[in-house]
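What follows is a group of structures, each given as structure tokens.
Next come two complexes built around chain A: one with chain B, the other with chain C.
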Partner chain A sequence: MIPLLILTPAILLAAIGAAWKARPVHAALLLALCLSLVGCLYVAMGAHFIGLVQFSVYVGAVAILIVFSLLITRPSDDDEEKVRRMKTGMPALACSLPLLVMLGFTMFKQSALLEAPADEPAMSLKVLGEILFTDYAPAVLAMAVLLTAVMIGAALFAREPSKKPEPPSDS
Partner chain B sequence: MNPIAISLTASAILFALGLFAVLSRRNAILVLVGIELMLNAANLNFIAFWRWGGADAALSGPLFVLFSIAIAAAEAAVGLAIILMAFRHTRSNDLNRLDSLHG
Partner chain C sequence: MMLGNVEFEMAWLAPEQWPRLPQHLVEWLVALCGLPEWLVSIAGWFTSAGVVVGVFMGLFALLSLIERKTLARVQNRYGPNRAGWFGILQPVADGIKMLTKEDIVPAKADWLLHLLGPVLIVIPSILALGVIPYGQDWVPVPLELGLVFFFAVGAMTEIAVFVAGWASGSKFPMLGAMRAISQMVSYELPLIISALAVVMMSGTLSLPEIVESQGGYTLGFLPQWNLFTPWGLSAGVVFFIACIAEANRCPFDLPEGESEIVAGHMTEYSGFKYALFFIGEYLGLFAISALGITLFLGGWQSPLPIFDFLPSWLWFFAKLAVVIFIFLWIRATFPRVRIDQLMRFAWLCLIPIALLSLPTAAIWHYANKANNDIVAWIATMPLVLIPWVVLTVLFNRRLSPATTRTYHFAE
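And now, the complex of A and B:
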């Protein structure tokens, strides 16, 4: 309970920064912080393996990929972003605030009906591996195919287009 | 306060923040940041229900999160590759400039 009370506000503060900061690199670094704090929360909840996967995939790969993409591309001007956000911020708030109220109210009401079990559910890596490669084996194979296709597709999208050789001049 | 209420409320706020980022940002990469926040909110729900839901669901929550993380990684890789390709054409990440398609 105590890690939850400490980590939850920190996660939300980092997420607010990621959603609000005008400078793109700051927003991306705050996203990395938010993702790593979510990983810590998973560990605190007893899902140690998922926390490890969160660190290695989200923080180690996705967040760093986003930071490098920002470094490769030229981010737009901060002042321009601030002016634009004044125009887009209010409609975005008008869309997300009712959703937040609805989700928060529903979840809060429903969660009051659930009683927290006294003992932490066991998450054995051996059992997880057995389930993954027996009951969920088709899903694991489908995921492997998807990731291979994504790897090839991303490489094809991101590569520099080859320049066509100029035809030799007649002169 | 019930721990599941705290984590579900936090996940709702995280989702709303992600939606706000998606709708308010004009930089394509920062829109992707918002999508990642929304995906994390969903994952947090799965783990919270597994931990405190009290159902006999074995390891369904962590397994769903495992697959969700793999799909999120794939989505980020393809999304950023498309953004890089668009950047080569328009020399900008601004979504307002991506308003025309050429065959």
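And now, the complex of A and C:
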């Protein structure tokens, strides 16, 4: 319970900061912090595997993707960003409010979610793996094919067209 | 021997138990003072962590000297030879220099992130060192998901490099960070896929159990390490190449290529922050080599049955020394690759081979299950040899622009 009480406000603060910060890089880093704190929350709640996967997927891949796209596209000046924030703030709030209401409704409706489970969940990693590769095998296979195709596609995209290099102009 | 209410066991003094001796002693002393149980275990954890950090910081200091000496020997120089006997005090001199240098934060830098960058680089390396089984009885943190933990904390390094590069507020750190992140992301794939083959074969994600699954000897002398199987050889070579790239070592040290972009993401750092980058880099090198040893070189298992009397952690550190020396040798021998060659090598060479090692491992598993060693070797060897040969030839002939490159200004 204590980790929950410490981590939840921290997650919320990081999330609000990510939405509020004017500089995109700060927002992206706060988002990474928020995602890693969610991973910590999973670990604190005893779901070690999902917590570590949260780290490697969301912090190691998703946050890096965002950060990298920020590196490639030069962010504009701060003043411009502030203007844009004023313009996009209201639609963003309008979009996220229904989600927030829905989440709150679900949480208070199902008060059992707020109570701690009586005993440790009996789901070991081996059991999880067995279920994934028996009951959910088609889904896992479909995902695997999709991801492999995406990877090959990315490698093909990254390959430059085979043409002779032009001599650099020395102007 | 009984002192107070906690027993001092003579078994703690056995060579096999030496790495845990400080922890036992501290726990014994704390219990002797009559402090509560939870304080005893907390003191034990801190001592255990202190031993890991202390040992590897000592090895870092030693390696910084050995590296310079080895490079000097290869390049026909003396290397450091002024501080102390044969330059043995050079790490101390370096440390004093780093600590007393002025810490400069550029005017354009984001000071908080500028400070966080080097700290964030050291933390994951230390965390990763915590789950490695150094000896039969010495795993600082025996996690069931050790391997996943290792790669999960490794993800933090990329963010740290980005933070360091971006917060400096100038162009070379930014370029260095971009290079570093693209290189780390690309080489993490072959690294993880080749580790996956080992997970598949040993059926566990716990590093101590992976080491135990490599115990025993074929024909009484050949150790059953993963490297000595066809799939393990293929995956192991991929793993070690990807290791060099993940640790940003030469020939893949583009992120900090001194002759191209000053020092990459470390350009705007000085003093102890700069030293922290080096500590992080070397601890990361130790961690990833230790993982490679655990996965492919049998961890703490001794190479020959007659050497079983030596303590297991000694074998681990001997293997670590050999692997690190091979990295030094590679650094002294190979020139730095270009960024396009680096990417092409990862995506077109290492990842396909790493992916192929998975079906190879599956074939090996089923052939071995039928107790047919010869069939297993015959069925898997072509799967290993043909891709290596074909890709090497392709890589040299067609895909590499190095062969068709014209030098406009050098001719």
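By definition in this document, the second predicted complex is superposed on the first by the 135 of 171 C-alpha atoms of A that agree within 3 Å, B and C clash if a C-alpha of one lies under 4 Å from a C-alpha of the other, contacts with A are read in each partner's own complex, and residues count from 1 in each chain.
The rule is simple: a residue touches a chain if its C-beta (ideal position, glycine included) is under 8 Å from a C-beta of that chain, and two chains touch if they have at least 3 such contacts.
All figures in this text were calculated on a predicted structure; none of them were measured in a lab.
A.B. asks: Based on the superposed arrangement, let me know which partner A:151 touches: chain B (first), chain C (second), both, or neither?
C.D. replies: It touches chain B and chain C both.
A.B. asks: May I ask you to decide whether A:100 touches chain B, chain C, both, or neither, giving the answer as first, second, both or neither?
C.D. replies: A:100 contacts chain B only, not chain C.
A.B. asks: After superposition on the shared chain, which partner residues are touched by A:49: those of chain B (first), chain C (second), both, or neither?
C.D. replies: The answer is both, since A:49 touches chain B and chain C.
A.B. asks: Looking at chain A, does chain B or chain C touch a larger number of its residues?
C.D. replies: B
A.B. asks: Would you sort A:59 into first (chain B), second (chain C), both or neither based on which partner it touches?
C.D. replies: A:59 contacts chain C only, not chain B.
A.B. asks: Just to be sure I follow: which residues of chain A are touched by chain B in one complex and then by chain C in the other one?
C.D. replies: 49, 53, 61, 72, 151, 155, 158
A.B. asks: Can you check the complex and tell me which residues of chain A touch chain B?
C.D. replies: 1, 4-5, 8, 11-12, 15-16, 18-19, 24, 27-28, 31, 34-35, 38, 41-42, 45-47, 49-50, 53-54, 57-58, 61-62, 65-66, 69-70, 72-76, 81, 84-85, 88-89, 91-93, 95-97, 99-100, 103-104, 107-108, 110-112, 114-117, 120-121, 123, 127-128, 131-132, 136, 139, 143, 146-147, 150-151, 153-155, 157-158, 161
A.B. asks: Along chain C, where are the residues that touch chain A in the complex?
C.D. replies: Residues of chain C touching chain A: 113, 143-145, 148-149, 151-156, 158-159, 162-163, 166, 174, 177-178, 181-182, 185, 188-189, 205, 340, 343, 347-348, 351, 401, 404-406, 408.
A.B. asks: Which of the residues in chain A end up touching chain C in this complex?
C.D. replies: Result: residues 25, 29, 32, 36, 39, 48-49, 52-53, 55-56, 59-61, 63-64, 67-68, 71-72, 125, 151, 155, 158, 160, 164-165, 167-168 of chain A touch chain C.
A.B. asks: Help me check something: in the complex, which residues belonging to chain B touch chain A?
C.D. replies: Per the touch definition, chain B meets chain A at residues 2-27, 29-30, 32-34, 36-37, 40, 43-44, 47-48, 50-54, 58-59, 61-63, 65-67, 69-74, 76-78, 80-85, 87-88, 91-94.
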